[in-house]
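Got a structure here, written out as structure tokens. Questions coming.
Naming follows writing order (A, B, C, D, E and F), and every chain is counted from residue 1.
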């Protein structure tokens, strides 16, 4: 990235559901793309009937495409596992999907949802993706980070589920605008304040995470592994 | 407090240094005062020469008085222990000061700085105050909460010092204004954004903590003990 | 509750299996009922053939009804999910059952089994109930607490599963008798000392939890969320 | 064991897959056997078609038999649950298999894989085995320990999954040779350095764990429960 | 100890103040002594004027002597560091006192107060004793355990100070009587129920810790290190 | 560093005592120096009479100079605070020394001893250095890491002091030789195996940390903060 300190390189962002990637890492994606890195977004699930209306699914996928365009995502991959049902999908199936993805793309950096998020799809995506990133072969992602998701990360059980205590801060001062624009593409997902999933809250979070490290806006992450 | 759910009753807010009480609990103080509760603020330390300029100390104490006026604090108590030197003050001395205070005021509720804050004065204030609140006699505070302090709570070591993961949220939607006004009284302490100790960051934090529980603004706390 | 400090209001106690509600919160239920609050108990599972004998299931449900009568429970709701098989029941099904329950009853306070209990039914009940209590709409439970269950909470893996470290203590000095009477209704569940699930152990736990806060008897909880 | 401090007595080692017992406790097994204790190894899973090639499964089981011979294992029990699919096997089935095993063998000591290992088979084996070891009847294992497994224990999420921080160290200075020999029997599993599952890494780990307690070689464990 | 499983051998119990050793390990001391082991108790501090009345100090030391007689302690060592002032005593001094003690007695087993106790004397005793037990020379204690102290262990900050989650349980069914008798020798320290430091609470704790492992009475410990 | 992923830039390694920097980060120092980065080592303490023999102090400082020469350290700074007495040195003094250092050198990267190490000098060095690295001004270190120290990090209290669970791995395959050579310069500090502070143990640790990420040798760190 910009400062010459870290090069994220080819980057894969794994989103359990469309919009998680924007909530958690939209500014970082925009910054990486602006700096010339290739950023891939893999959307793990999609709403399937009868639990979900196919039209709603199509709509949100269209929104995601527009949001990814705003951010400069190079390619969006749809894994099409069943939303809200990862816990009923065989662990081997989820593992295989993510392993194939990581093998094929060979990303240097992977961004994951946080294992302490309230939604089981987030937890299971994290777990399977971590298996796919195991450092046991010649090639594996050198940098693995977990992002926070408003309306998931703050609602789990304090001191009983793993807490999100960020140790990596990405300056997105020049890319907050793009992040908020991308989020606005998700007309079906954005809520009015004071809901967590609102533009105002997203902005407040960027301000707070930025202030922690003297930046106008930042996205915060928990480091899972960095091999240098 | 308002909703009829909890009555904080007579409340003591313990601040290691002037302005911590506003940063961490200014909105809650304003709300309690507005609801007719008696709120006491104890400022534990003061800057002493040669480490601190007496004029600067006088100035910040004056700012605190004005801020407390804005919030409706009933009485400010100055314990006048040496700032930034609690770790060199005998533990028995700090214990005694806080014990005397709690015994004299008999508060039903006590608000403390967070033990995981970076500043040792915060840690030691928390530890001694907790001793003063021991539930081993007829009278003791029934509700003990720890507040977060911008520019202290977020700078400690992730996953190595105790993390601030809030489980109590006080709605301050109608009192955020008073909190920010009170903070502005601390002309010598407020910084420009993107510093953590800025009005903008304080506002962002209130927005974020509020959104977590569908409120326009909130202050968040970690529960230490509640006896019902 | 009595002291005027906290009003629990309309309260829902969620029990994975009949008797968990008495072991963990029987005294609190009795106190709330005595103070005029409406207390609902939802029993999440029932033993189903072939794993369980229908007669045994009927017997324990009859015992529960008697116990709830002793405590003053307003209404017992039977969710009838399969006992010891929640981990094979779809997560969406458990979520839906608890969400419907919380929506219909609109409790102000919810008491849950502890997520660190050894029994997976306890863990999964906690997780789904927490989803049902999300603070993201106009109405949601303002106070969520987790109770401890003798013969579950103490048998999980020390320092590896989430530890039960209580921060809320409810004085049940005047209601311990009712709690023990209610437990005795569960003739099929009570064991002889030194088994954890014995009257003597239950009494010892109430004595210990009480002594921690200078009360003759108490029930202890871990706070999950309190919105004030 | 040797020093007269602890007598492990009849010991059961539970291995999710063949070779876990050697990686984690091979030296301890060899030492116990040499000291005259009866050591049983239960292999929980086996690779089943179509996911696994039956020939490969037969080969690795043959390797395990040879390894157990080297170590002096008294009896190997094959539970034959499906490898890499414990999360799709009913929890009740895994519980029942381990409960039957513990009841039948009545071991005084049980060694388990670590619940924080990356592989779900390890986690689920731990959880079900802990249920089987509950101290609620006349007979139960008095000592329960969790071992570490190279290529599983170090790859989970730092600070988010339970960390392996050993508190029990078994001196295997005289039995490291046997452990390494046993591992070499697993021709299909051993990898070349710098892979974690290599002889060189296993030796380094034994050296490190030994040095922590001034021994030439040791195996390290996390204590789950010891009843004296 | 009795069952032939563990031999504690020569044992040193370190008490920050007289009576901690009885509250935390009185039954274990009685059992070890009855089984023929040599048990030493080191009392780290004594109340010194002006903070403490010399007569009170003499009285409590006399009480301790009687209590130790009841339990069968072989020798009581008085380190005479200043009570409630360990945090103002140089760390090197406390280290040296404990190092000399451990070197001279060469205990196989050491029992310590818990580092998460509320009293700083407990924390600092633990820390210095752990230094004295470092496994870096030919001789060092092979078994190090931390005991719990009613009126200290339960009053620290939940989830913020290290929690006492016991993993070692010593059956004291035949020695609870002796423990309670010894405690009664401390006329100046025992309180009436419902105070934590009462005979009734001590009994309740022994019942609860026992029930967890199907014993009539037990003392519970956290394992710090066991070298086998 | 080499791979183009991270540029450590101007780097400061803070060592409580001479040789900590080599034990924890000797390979990383050698690699950085080889790659052209400027590496500074600050030795915080020195043994002072009467606790320490001035000749011994001079000898070990000479050893450090030789070791630093081997590694390619640009400059060694001696802060000369009293060894084993940081806990008796005023916190303000230690803070000031480290703050002045960080301000003067303006390092981009800082390597610290681990706050969970057994030695209080390590803990206090960490705490004061973290204050010096606060991200609240224009310039501050962008990358802060904590290293592990054989004979300190493994001897603290499992699950009670902060655990070292590494998330950053620096490949030192080409620099292990230099690290071991540098360590051998410390003739007065190196011990014979199986002591933790031996060349053999240091080598085993590098092999193990390397194997975790498929490298021949690595040094492992815990990330404190990374601002990108």
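Here, contacts are C-beta pairs under 8 Å (C-beta built on N, C-alpha and C of every residue); 3 or more make two chains touch, one makes a residue touch a chain.
Quick caveat, the model's predicted, so the values are computed rather than measured.
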Between chain B and chain E, two touching copies, which fits better, same or different residues at the interface, with half of the numbers shared as the threshold?
-> different
Interface repeat test, B-F vs C-E, E-F or D-E, passes over-half contact pair overlap for E-F
Cα centroid separation between chain B and chain D, in whole Å?
-> 50
Provide the C-alpha centroid distance between chain A and chain F, rounded to the nearest whole angstrom.
-> 34
Indicate the residues of chain A shared as contacts by at least two other chains.
-> 135-136, 155, 158-159, 167, 195-196, 212, 214-215, 222-225
Provide the residue numbers of chain E that touch chain B in the complex, in ascending order.
-> 51, 84-85, 87-88, 118, 120, 151, 155-161, 195-196
Mind pulling up the chain A residues that touch chain F in the complex?
-> 1, 3-7, 9, 108, 135-138, 140, 142-143, 167-171, 212-215, 223-228
Could you please specify the touching residues of chain A with respect to chain B in the complex?
-> 150, 154-155, 158-159, 163, 165-167, 193-196, 198, 200-201, 203-205, 207-208, 210-212, 214-216, 222
The chain D residues in contact with chain C across the complex are 90-92, 115-116, 126-127, 130-131, 134-136, 146, 162, 222-225
